[in-house]
Amino acid sequence: MKADAPAVNYRSELTLAAVAAAVFVALALLPPYIGLYQTQLLTYGLIAAIAALGFNLLLGYTGLLSFGHSAFFGIGAYAVAFLLRDLKIQSMEGYLVLGLPIVALASALFGYISVRHTRIFFGILTLALSQVLYSLALKLFWVTGGTDGLRVARPSLLFGLFSFTGAGSFQRFIDTYYYYVLVIFAACVILMWVIVHSPFGKALQAIRDNETRAAFIGLRIRRFRLISFTISGTFTGLAGILWAPLNGLATPDVLYWPFSGEIVFTALLGGFRNFAGPIVGGIVFTYLKTYAVATTEYWQALLGTVLVLLVIVLPTGIVGALSLLASKFGARAKS
Amino acid sequence: MAILIIQILNALFYASVLFLIAAGLSLIFGVMRIVNMAHGSLYAVGAFVTAWLVGRAVALGLPALWLFLLIPLGAAAVALLGAVIEPLLLRPFYRRAEEYQLLVTFGLLLILEDALRFIWGGLPLSADTLMDAVPSIRLGGLIYPGYNLVVIGVGAGAAVALWAVIYRTKFGVMLRATSQDRRMASALGLNVGVVYVSAFAIGCFMAGLGGAIIVPSQAAVLGMGINALVLAFVVVVIGGLGSLQGALVGALVVSFVRTAGIQFFPEIELAVLYLIAALVLLVKPTGLFGSA
Amino acid sequence: MTILLQTIDLRKQFGETRACDGVNFIVHQGEFLSLIGSNGAGKTSLVNLISAHLRPDSGRILFEGKDITHATVSGRIKAGIARSFQIVNLFDGLTVFDNVALSIFSRQGKTARMASPANHDREVRDEGLEVLGQFGLRDKSGIAAGGLAQGERKLLDVAIAYALRPKLLFLDEPTSGVSTRDKAQIMDTVSQIVRAGTVTAVIVEHDMDVVFRYSDRIVMMHEGSFLADGTPEEIKANKDVANILLGVPLSA
């Protein structure tokens, strides 16, 4: 009897955990070395990574390309703004506890409509969805603040343990918030990893690969897609919730279709066929966009061009290309 | 009473434009199985190019009736653009996964939107001269722009012309054969490449025409492309992707709901449209006239 | 012999074509049945109707005495009917092991589990490896299904259906497009599991050598209805069958 590959390979899982822990520690140690502005940028990057991670559950693992994920990000951001303005909640935990069910509900609702269709209609429906929300945010300006958006003050963290008012509060906020986001980011990564490697995750991939056969081994296609959609939207919504206090403002831009495009772009950039791709894509994209926006007014065209080039030249994204290189290097090293 | 007639005419006016856009989208999908995410942007290009041409023509002192020729010219420019885009950006991806096709056309959307901003800046570009060239008509005490009736005529004419081309010409047979079974059509000697680029160009012409005929009435603005795209999507969702009647019926439904919406609940008219689309999909997943 | 499956006056029409014209099909428990006939005779349509890939125009389907005519695909799988397709249908992005394991997870109702990695489930792992072993794919368990050779893909295709541990297994042309040696492996494996009494098998086949070698009973379809039904010897002796298969007009 051979020692088989799928025998529970605890060793590879432990290695993975060790690498992840090392990366986490490295990220935790960075702030003093990179300064305030870069720490803030990196925080945005981690948030983008969470959004992309959620998005890719739907694209990479379930095979559904959504052009409307900005809707969930925006709902998360505006939820924070409304909770602050209307319920006077100023605690980050309050935003999370109340905001997450809101984005989950919204995802489930939109998912219910959208997953009855696939591919093209799915893309159309999700795009139209984010546009509807955008138009509502713009037009119902007495509720949403219109193009001016709604102000989001710095919340207190850890049930009021840390609050940020007075002199030097911006710096203290950035310093502390980075770690807050980092921990949530780590939790999201672990959670998503377990989900995609679970029987549920395998079922999603089967549905992605061969819908007909998946049905004929007894999988309820629509139900799985709906659950995937809900989880996906919730993760992206969580990113929106984390984003609002950092940005200080909830604006309609994060509901606008180009933002959906950015989310899609991050997954493609990192590589949507593997787990780490969206994480890398989210972080890299944040830096790319910051520098692109600073460089040219027409960064959208730049984004579009890079998108097309990526599809032509690097369809497996950064991580995909790297792992291809690594395996080629490994093969050469063996011979 | 006159107001009701005016509202109906407005709805028909907008339906004509929507039909042109949606029919183009549907045609391209029907023949090539591609959804062009940049379709709305091409409509915007048609509007901007035509408005610009009108501006130049007026500056050159051309008589008003000549300006009408600029409308098909603007549409033709978009068709030309399409004839360049298809072999360059789309053909390499037919064999690839559908996601990549959507991504490429989405990238194109981003590029076109910024290109319009780059060329014509952020200010609206109008072509009122053309609209003013058509005399207004009297409707029971109210004045209504005659131009809108011209647009309705163009819309109806385009529907008939498209139907005739698809169902009554040899080229139409080729289009339908290729849409049914591409490999078979190719095996029978049809030059699929020519059919594809022609179908795409025609689809782009329709979108460009939509932009060209609306611009005398509504100035070309940035963002008109994506708004049109979303509405066109709602039209094909309701009417069914790949169907000519679907585009017509869908355009009428969307336009009438939108006109009523703007009257009675302006802020949420898009939401209402989306709701209707969702309801149609619940009952008939492929749209009213669509097939899987 | 107990009747496992019975269709009563099953009809399905596509435009002018009568794919199933009042079909009364009976499958007995434990038998190895071959469904033969020329192309367009209605064999795949019959399998599609029984597996809920198609809805009948009229008629009933009884499985173990219960009426399953209106049961959904997943309902029929739960009842114990599984099938494979003419064209190989695998989950190319998943490993060979995962392809089979998924059937097991589905059968055991574990597909909703998100809380722990799939490969930690020893019960499923052991059963999955056992099934792969039965089909000779055990040493390929770690590679992606997309990377298998054609014959192996067919084997995996059958294995996925078998891993559902159905009572009735429909295999649609399980040996088409496969080399002679692989044909034998596929058919020997299926034959074994039928002999072991765990499964009743119905195969749609064109390869008459395979059909005569392995079947307990052969049913021939022609233009939507049954033309002949009997043991291999009876079928071999049947002139109408020979005529159809050789393209000669039917005797009056």
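The letters A, B and C name the chains in turn, as written, and every chain counts its residues from 1.
Note that a residue touches a chain if its C-beta (ideal position, glycine included) is under 8 Å from a C-beta of that chain, and two chains touch if they have at least 3 such contacts.
Owing to the predicted nature of the structure, the values given are computational and were not obtained by experimental measurement.
Undergrad: Give the identifier of the chain nearest to the protein's overall CA centre, each chain being represented by its own CA mean.
TA: When every chain is reduced to its C-alpha mean, the one closest to the whole-protein mean is A.
Undergrad: Name the chain whose C-alpha centroid is most distant from the C-alpha centroid of chain C.
TA: Taking each chain's C-alpha mean as its centre, the farthest from chain C is B.
Undergrad: How many angstrom between the C-alpha centroids of chain B and chain A?
TA: Measuring from centre to centre gives 34 Å for this pair.
Undergrad: If you average the Cα atoms of chain A and of chain C to get two centres, how far apart are those centres in Å?
TA: Each chain's C-alpha centroid was found; their separation is 43 Å.
Undergrad: Compute the distance, rounded to whole Å, between the mean C-alpha positions of chain B and chain C.
TA: 49
Undergrad: So in the complex, which bits of chain A are touching chain C?
TA: My answer: residues 2, 4-9, 13, 194-195, 197-203, 205-206, 208-210, 212-220, 224.
Undergrad: Of all residues in chain C, which touch chain A in the complex?
TA: Touching chain A from chain C are residues 51, 53, 73-74, 77-78, 82-83, 85, 89-95, 97-99, 101-103, 105-107, 110-122, 124-125, 128-129, 138-139, 141-142, 160-161, 164.
Undergrad: If you look only at chain A, which of its residues touch chain B in the complex?
TA: 59, 65, 67, 113, 116-117, 119-121, 123-125, 127-129, 131-132, 135-136, 139-140, 257-258, 261, 264, 268, 298, 300-301, 303-308, 311-312, 315
Undergrad: Any idea which chain B residues touch chain A in the complex?
TA: 29, 35, 37, 89, 92-93, 96, 98-100, 102-104, 106-115, 117-118, 226-227, 229-230, 233-234, 236-237, 241, 266-268, 270-271, 274, 277-278, 281-282, 285
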